[in-house]
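Naming follows writing order (A, B, C and D), and every chain is counted from residue 1.
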Amino acid sequence: MSPLLLQGVASGIVTGCVYALIALSLVIVYKSSDVINFAGGEMVMLGGYLGMFALLWLGLPYLLIFPFGALMIFIVGALFDRVVLTRVVGRAIPGQSILVAMIIGTVGLSYVLKGAVRVIPYTEEVRRLPPFSSGAPIFVGPVVLQHQDIAIVVAAVAIMAALWAFFSFTLVGKALRATSQNPRAAALVGIPVRAMSMTAWGLAAALAGVAGILLAPKLLITPDMGVIVILALAAAIIGGFVSLPGCVAGGIVLGVVQNLIGLYVSSRAISLAPFLVIMIVLLLRPQGLFAGKAAAKKV
Amino acid sequence: MTAPLFSLRDVGVRFGGLRALNRFSMDVAQGAIHALIGPNGAGKSTVFNCVSRFYRPSEGDIVFEGESLLRVPAHGIAARGIARTFQNIELCRRMTVLENVLIGMAPRVPGYFPFAPSRKRTGAERDALAEADALLKRTSLMRYRDTPAEELDFGHQKMLDLARALAAKPKLLLLDEPAAGLRNREIAALDALLVDLARNQGITIVLVEHVMAAVRALCDRCIVMSSGRKIAEGATADVLSDAAVVKAYLGGGPK
Amino acid sequence: MSVIRTTLFAAALAVVLSAPARAADPGITDSEITIGLFAPMSGPLAAFGLDALQAARMWYEETNKKGGIHGRKIKVIVEDDKCVPNEVVAVVKKLITVDKTFIVHGGSCTAAAVAAQEFVTREKVPHVMLNASGDGAVIPPTRYVFGAFAGTQRTVGATLAEFAVKELKGKRVAVIAHDDDFGVANSTTFKAVATALGAQVVAAELISPRVTDVTAPLLTIRAANPDVIVSTAYPGPAVLIGQKYGEFAMMKTPLVQAIQGIPVPSVYAKNVGNDAALANFYYGSPLNDLTEGPKQQKWLALYKQYYPDRTPSGFMTYGLPSAMAVTRALEKAGRDVTRESFIDAMETLNFETEVIAGPTAFAKDRRDGARSSIFVKFDGKAHTLMPGVYTWDGKAGM
Amino acid sequence: MYGAPPLTRLAPLALLLLAGFALPLLLPQYFLYLGNFLMMFAVLALGLDLLLGWAGQFAFAHIAFFGIGTYATALLNVRLGVPFVVGMPLAAMLAGLIGLAIGFPATRLRTVYLALATFAFAEAAQWVFNSWDKVTGGPDGLRIAAPNILGYRVGTDPTAFPVMAVILALVIAATMYLTTSKFGRAMCAIRESEHVASASGIDVRSTKAWAFAISAVYAGIAGGMYTLFQSFVNPDVFGFQQIVLLLSMIVVGGLGSIPGALIGVALLGLLPEVMRTTMRGLLIWQELVYGLILIGAVMFMPRGIWGFIAGRRGSR
């Protein structure tokens, strides 16, 4: 294996985890309210700015900006669900797909978040959060990795494990899963469905915010960094858009494929990679690589 | 008895491990009203879904007028004269009653390609409209001609489901619990309509039913199912007094 | 009877023919010239346009304070075009057909300016671009559009190549650029001039402006082991390149970054976050001095005076040369200026702006104003001006 | 009202044609340019509404077909000298064929995957427009020569306005005809319940594929209309923002109805112009206000403005 390939794969895994972190947030939203959150990228951006605000203006220690950012964006996500989505779902006409209206709602949210950040002066320049852990790069054979890269990989796996534990063992987690599978049945057994949906959106938003703080040193903070949601969507699709481990696997596959295309095809084709992958995956397995067999709809 | 109009031969359907239908066979005679009865989960709706080609049987064959339906695509079933209603009413909710009936006529209105503005095509639309109105009168839905289906009460929605099926001028009509949830007055009207369809227009009817009174009053023949297998078939009177059938219904079920 | 009719007809004809000696162009009265000024003032590209527009407006105010031009004051109508082609065309059409301005002055994005080019040519209205630095609207030159007051992408490519080969003695040069109209123009010209000067282009990587990771292109460049690396990326990707260049310890090879990626050098250094990566780092600039250098101080002070609560972006002073050209041309065209005589005057301009390196000049067959660039060595703190002004000869990469 | 749409429904089209020929003599070019822009988007929106509002297929690929229509018409004219009258239909046909090719595999996908697969197709198409330098001119874009229609030189706003009005009128009439035809009912049936459709003898897969193809033809026609009044096209015209703008137009206007699509186009089409003039001092807030408008529209009028009006007036 040539050093070039090794370095390409290693860096691909790191960027893959970046996509996976955001994909996790998108999947939680999809599983809880059946809608694609097109404002996911903007929540990541908000996380970056809040992290920077907390670190530079409030002077919080680095470790504290994660909970700070997570809490603030949890509120944004929960509020959006409470104020906007429940109203859209409530007023929707049975039968008519509310998916379209909710998608436009998330698009509206993405413009609101970008607009709000851009109104604050000094957000024009490109900014960068100092890395969580800096230090000399680590050499693993020919491969060179930054501390921050390793932090991202560890964080991705840790968050995925924490989510898995949360959804499997905690009461709230199980209630969330029940609500997402069958809201009416969940309501019947006394689960506060509306609170669950708020929690799900809040959790997904907080996750995107934490991802923002983690990625800011690597991705640079601008009001338009939210464009990365497209790559997170690709990662989520490869993972079947329903399974959490699928997201991390999907992200890593996408990250590595992008680097390989960049190295061996042409750097110009890198930006085409996610879209080709999405189309190929959905052509071969309409329900995604890691999801179960396509369920026949019971009449 | 002449060759059956429609029959299932050793049909098997499996969902993962669950055997929804287990070597199930039945015969339907032309012009007669048949009842398909059995406890919940016996596989009654699965039979209908196999005929409508929503499910693909793993073994056996379904024959209609001597032709195997397994090679016919889903939309070809209606064109061959088989129409059905659905257990939990599936309607085009935001379309008017008239439009729902017109949809039922799909196989018979020519000019499938939208942009063929031939004289024949607009003529066909006019005839389809006239026929739809006649059908609405017969099923006493004329009053609701232009109201969206979702605004109808339960009884009328059931009737619209039936009207849409009749719109295809079927030779075989599959009714999935037509009487469920209807008030007595509506059941009586339904029975009269079904008898008229079978006796006067020669339409063969198979209805899945739990209301024994309706089965006794209407059906000439009866097929009883339990957990995917046929346990009795024959004239309604004999079948209903058969020991195995009584046991299947009253609990215990065949070992 | 017919005699009366013919004399009446002759009289009517005479009146029509002797219409005012010169049909006065719209947008100009005895006391006022109306200029339509537009730039992106909101949305993602506001940083590129807002300050440049305010600098141009400042110059017009200064001119008015000094008594205007030939007794006329300059009145400005300002519009925000967000750099979206459809909106730029809408804004230009509104300024010309509704507000009836004398000329239109604006445009920080080339694609948008090209979208409006055919319209202004048909309506015969001079369009002076603001700080757009693409080649699309000015090469090939058309009569009614003047632009590139801070140099085109061909100038960027040519001057980078000259600096890399002559100053840095580069023999095996590499370039990384975007796959948009800017990137294709500057990388093609860079390759043409570099090979003409005897160097070999060992790697040419094109990346998307929306890139979030540049590992692959940097690895390919490192594998080609060039002796000079040149980047014409925008601010975001330029920092990513700087970071990876540092991570892969490529500092022994000098890295030269074009100005479009480094509006404020100190912010660039902070974002790369690793001063070791700037050990062998240079950046090009079309200005005549460092962004905060002495020659630029007077403009920054003037800007502070007009807009006290706004700290300008690095592209602020780029808005001045176009305004200076307009006022000079109006001055030259005299009291009864028309749109056509204004263009003839613009074509004779050749003057020093004290903002841009090298003269700003136009001609019958030249519509790109500036063609020079300086280079600066930057180690994160200190900026040292490299000797010489590099100029594109106007032919290479055509 | 089935069969050919009765004459009363066609009356507003006569009004449109009248305006198409009268307004160029009255209004300055700026308003004509806005008019052309809205008429092009109206055809585009009607095409997407057929697929999304009528057939219930949640697809994002529409802008890609718009791009194919534009580039094909422009290239046929610029490179091969094919006149507009032949070029535009050819381009629309090409878009339709590609739509059909996309339609068949897409019919197997459920809503969210269909949305994402078609979204990926649109982004991939834009990448092709941006990278295929030799043919589409790549990032430098393509200059469009002013087409002439049977000797009548078009290319400026006043000259293009009547032609656009005629095309839009024909497209609206075709849409009326289509939605009240059997195919139109088949599309609605699929949206409401695929099981009913299939049990009633409607070939679900081929109806979906035809819906894709016809909606792609609409986008191809809109692409042709682009070359009538614009002189330059570059890949950014077919980017993500345009997909979102188009989707917002038909949702805010009202899904599954011709007046709804037209209202949505008019409102969101003119919104940037209105905001730019009214929010003089607050230009930086435009993006935030646009987002709030979208959220407000889906919150308070889930059936769109036309649904709201129609609901109020009691007509269906």
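One rule holds in what follows: contacts are C-beta pairs under 8 Å (C-beta built on N, C-alpha and C of every residue); 3 or more make two chains touch, one makes a residue touch a chain.
All values reported here derive from a predicted model rather than from experimental measurement.
Peer 1: Touching chain A and chain C alike: which chains?
Peer 2: D
Peer 1: My parser should flag the chain pair with the most contacts; which pair should that be?
Peer 2: A-D
Peer 1: Report the chain closest to the protein's overall CA mean, measuring from each chain's own CA mean.
Peer 2: Measuring from the global C-alpha mean, the nearest chain centre belongs to D.
Peer 1: Average the CA atoms of each chain to get its centre, and name the chain whose centre is farthest from that of chain D.
Peer 2: Farthest by centroid: B.
Peer 1: How many angstrom between the C-alpha centroids of chain D and chain A?
Peer 2: Using C-alpha averages as centres, the distance is 32 Å.
Peer 1: Measuring centre to centre with CA averages, how many angstrom lie between chain B and chain C?
Peer 2: Computed value for the inter-centroid distance: 74 Å.
Peer 1: Can you give the whole-Å distance between the Cα centres of chain C and chain D?
Peer 2: Their C-alpha centroids are separated by 35 Å.
Peer 1: State, to the nearest whole Å, the distance from the C-alpha centre of chain A to the C-alpha centre of chain B.
Peer 2: Distance between chain centres: 48 Å.
Peer 1: Which chain D residues sit where two or more other chains touch them?
Peer 2: 131, 192, 195, 284-287
Peer 1: Give me the residues of chain B that touch two or more other chains.
Peer 2: As it turns out, chain B has residues touching two or more other chains at 54, 86, 90, 93-94.
Peer 1: Any chance you could list the residues of chain A touching two or more other chains?
Peer 2: Those would be 93, 95-96, 118, 268, 271, 299.
Peer 1: Quick one: in the complex, what on chain B touches chain D?
Peer 2: 52-54, 73-79, 83-84, 86, 90-96, 99, 102-104, 106-107, 109, 111-115, 117, 122, 125-126, 128-129, 146, 148, 164, 167-168
Peer 1: Can you list the chain D residues touching chain C in their complex?
Peer 2: Listed in rising order, the residues of chain D that touch chain C are 28-31, 33-34, 37, 130-131, 133, 138-141, 143, 156-157, 230-232, 234, 236-237, 272-273, 276, 283-287.
Peer 1: Which positions of chain A touch chain D when the two form their complex?
Peer 2: On the chain A side, the touching residues are 30, 34, 36, 38, 84, 87-88, 91-93, 95-105, 107-116, 118-119, 230, 233-234, 237, 241, 268, 271-272, 274-276, 278-279, 282-283, 286-288, 299.
Peer 1: Mind listing the chain D positions that touch chain B in their complex?
Peer 2: 2-4, 174, 177-178, 181-186, 188-189, 192-193, 195-204, 210, 214, 316
Peer 1: Which chain C residues qualify as touching chain A in the complex?
Peer 2: Interface residues on chain C, with respect to chain A: 42-44, 46-47, 179, 205-208, 210-213, 215-217, 219-220, 223, 235-236, 239-240, 247-249, 263-264, 267, 270-271, 273, 311, 313.
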